[in-house]
């Protein structure tokens, strides 16, 4: 347990910790390019040079281990001069395409140069030309001129994805990043190299030229792509809508969580946000009769739905109502719906779509269950325990017991069990964010908000409940599911306040001790990779 | 006329006004004399002008735009133009610097891929809403590519609708720079 | 019957003179101010390419005013809001009725007085009309439903009332000198010579009265430097909530008042239609030289004399309006009550004393 002094502050760290880690513990930021906490130390960029008393020369903080009694300085003149020289060296062959570079605004080369740069260039020599802007995988673009050879991407492919596609070829000022012969960078986690690349050498093909990063706003969220529940940030553009053609959510970035996803996320999740602004989004309430479909107001739709529910209960009892939930709903929405169901006496509930098959799974992040909140549904008990799939509800409909069915998000029309029987229903209500086969035949369609458009929480497969924040406003007339239920529930003698977000959450935590978790406290945004993008001006 | 210092003292201390000044009357007459002198002098000049005489003396200090214009200064910030590469395509690389700096937020750029990876990026559309522009010239100042300039000396671009005030990339590219000559000289325009 | 026709003709003629003066004044105001300020002034309105020194601008203005939206603000009293400009303009127009344009004209055996009506209390009639006109402004400010307009109207009424007192008091001196309140008689009496060679105009009897009256008259027209009620763009005035032709009527009121006041000054202090030494049968110069002229020519000369004098005073009013900056409100009140009113009363006293001395 060595104790050392950094910039006049004492800190005790565990044995084997580096100066970089010790400084981090003190909240002192040492500039770095090659060092990444999730990767082995390479010590190649020399940006992290610090002055250690009694040492003959400057040493790199990312590699040198802390020792008892060490006295380290990170802001002295020699250190600044070293940083300046390193930057001058890095820029000797750097193209300075900042105007066209997607990284600019969140580029560590820019950021550190602003602070320590030389500004007065001493270069007369020609720069080395290399291959620019070519795709090296499904999601990643490489620009060899911009690369500073920090080797983070190479180490990522070695150590994290273990797919070994990238390497550094040639020597001296000819060295550059290259793909292994005959391969492409398309492992399941390739997007992460874009995040860890400190400069604009690796950029995102999907995000390319969509929006300058300083126009983006950020919201803390949870990936709905699978039951791992990776912590993410939603980056959305509402400042300059024309740049991205009206699309709002433009990219997802992993958010550090030591217990869940560390610094990473998979490509499937990273690019799974398209549905938020897709043309298939439902934006209007629709009431459909045999002859025609009319667009209704929210009030009309809520009235219609309440009438149908009340009418069915009056005529056939609450047994005649069925609710098919979705494991893509948040805990709060599920809890609200369950509360309402209990109030009016609906017990015909399930969420397990019989047509759903487990997907791809690996031993790192990706889970076979592609729903973010299956565990939440299970914990809330919103299914029939005696059955092992939701198919039983088709039987209830077949027997004429269930006459009105409310489906949330799921496309039941895809399940063979249901295909036959949906036509027998008196009323089919679909609540969902995007149009699908079930929405096509539903007699009432309610547009609902996606996870980017509401606050809520998901429970991952390990039982960790995690909150996500609203980034953008619901598209069109879309409503959050709990709000819809609240509007209906008031006609059945319930209070609207019972369905307010914070109230739902606190009631949920009280009623189900399982959900009373630390992780349900509001999330905090932290910028892990680059220094934060400045949004104050916008 | 009182000396300026006296005048200042009297302004500070109204009591220091002389009796006649306090009656207003002589001071008022002095004022009227001044303006009336201008009136008659200019009237005379205009009458002579009508008779075709004294053409070199101006009866009014004002420039009769648009019949007369003054030679514009090179510092003048006039209608924008987008500069061109040798092949006529815009120099602009859609870096959005101008869009970002613009205090009126009246520049709207959509970026797209340039076929040449050495250029990489180009504007798919580039609109300036001149109805909002405050002609600060920041966009010119900030452009890293010298792709936008305000040296066309075009000042009369009023339009009948807001939509027409939005200049798109083609209109901006078609503007040409104007040579600077005779700064401040009044020229008749036919 | 004939009487009626003659009366109608006189009304028409006098209105014709007045309204034309008003119209030309709107043009003159712009041109004159331009010349005083080394500018060109309005010169764009053209018919078939002729701009005629901008003389078409009053026509263009009229068309513009009439075609503009007539806006009545929410919360305003619609009827009163509409009535106000009519009241203001009406009383300004009718006060011109007692101002004589000339002496009697003898045509085909009947004599026509060149004046709409010769009231023996003519001067009081003018004051009455002016006082009633104030209602127009107060109403405008009040009916607009805008507190700032109301404040403007209050400024207008207090200013006008303050200065009307001075006007009334200065005229007393004149009435004492000439012994009549009928304007026509007043003008006739100014035809006598003073000291044998000086035209017997009011200004020579009442120089202080003239100064006070002219100043107060300018204040009555509510134009710079006395434009506090309107404060065209800085301090909000009583017609802020007016647009279109109703606003135009207020503007016309101002110009009409200018003409009326100029007419009053001419009539009271500058001999009205009197041309120096011109008697009904020709010129009588001092030293007994007589040039006789036909009565018709004399009448025409009288009318022309009056119009020229009127024009000169309108010019003078404009000159003042474009020379001096606005008073502060306390200065305005101080000037009215603490300087002009005492002076005008002093004027009455001194005049009375002198008259007593001379007639003893």
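As written, the chains take the letters A, B and C, and residue 1 is the first residue of each chain.
Just so it is clear, contacts are C-beta pairs under 8 Å (C-beta built on N, C-alpha and C of every residue); 3 or more make two chains touch, one makes a residue touch a chain.
These figures come from a predicted structure and were not determined experimentally.
Trainee: Could you draw the chains as nodes, link the ones that touch, and say if you get a line, ring, star, complete or other?
Mentor: Contact pattern: an open line, chains touching in sequence.
Trainee: Report the chain whose CA-based centre is farthest from the CA-based centre of chain C.
Mentor: A
Trainee: So how far apart, in whole Å, are chain A and chain B when each is placed at the average of its C-alpha atoms?
Mentor: 51
Trainee: How many Å are there between the centre of chain A and the centre of chain C, using C-alpha atoms for each centre?
Mentor: Measuring from centre to centre gives 81 Å for this pair.
Trainee: From the C-alpha centre of chain B to that of chain C, how far is it in Å?
Mentor: 43
Trainee: Residues of chain B touching chain C in their complex?
Mentor: So the residues of chain B touching chain C come out as 25, 28, 31-32, 34-36, 38-39, 42-43, 46, 59-62, 64.
Trainee: Once bound in the complex, which stretches of chain C touch chain B?
Mentor: My answer: residues 32, 34-40, 211, 319-320, 322-324.
Trainee: Applying the document's contact rule, which stretches of chain A touch chain B when the two form their complex?
Mentor: Within the complex, chain A contacts chain B at residues 97-100, 131-134, 208-209, 212, 214-215, 240, 242-243, 245.
Trainee: Please name which positions on chain B make contact with chain A in the complex.
Mentor: Touch residues, chain B against chain A: 93-97, 99-100, 108-113, 117-121, 144-145.
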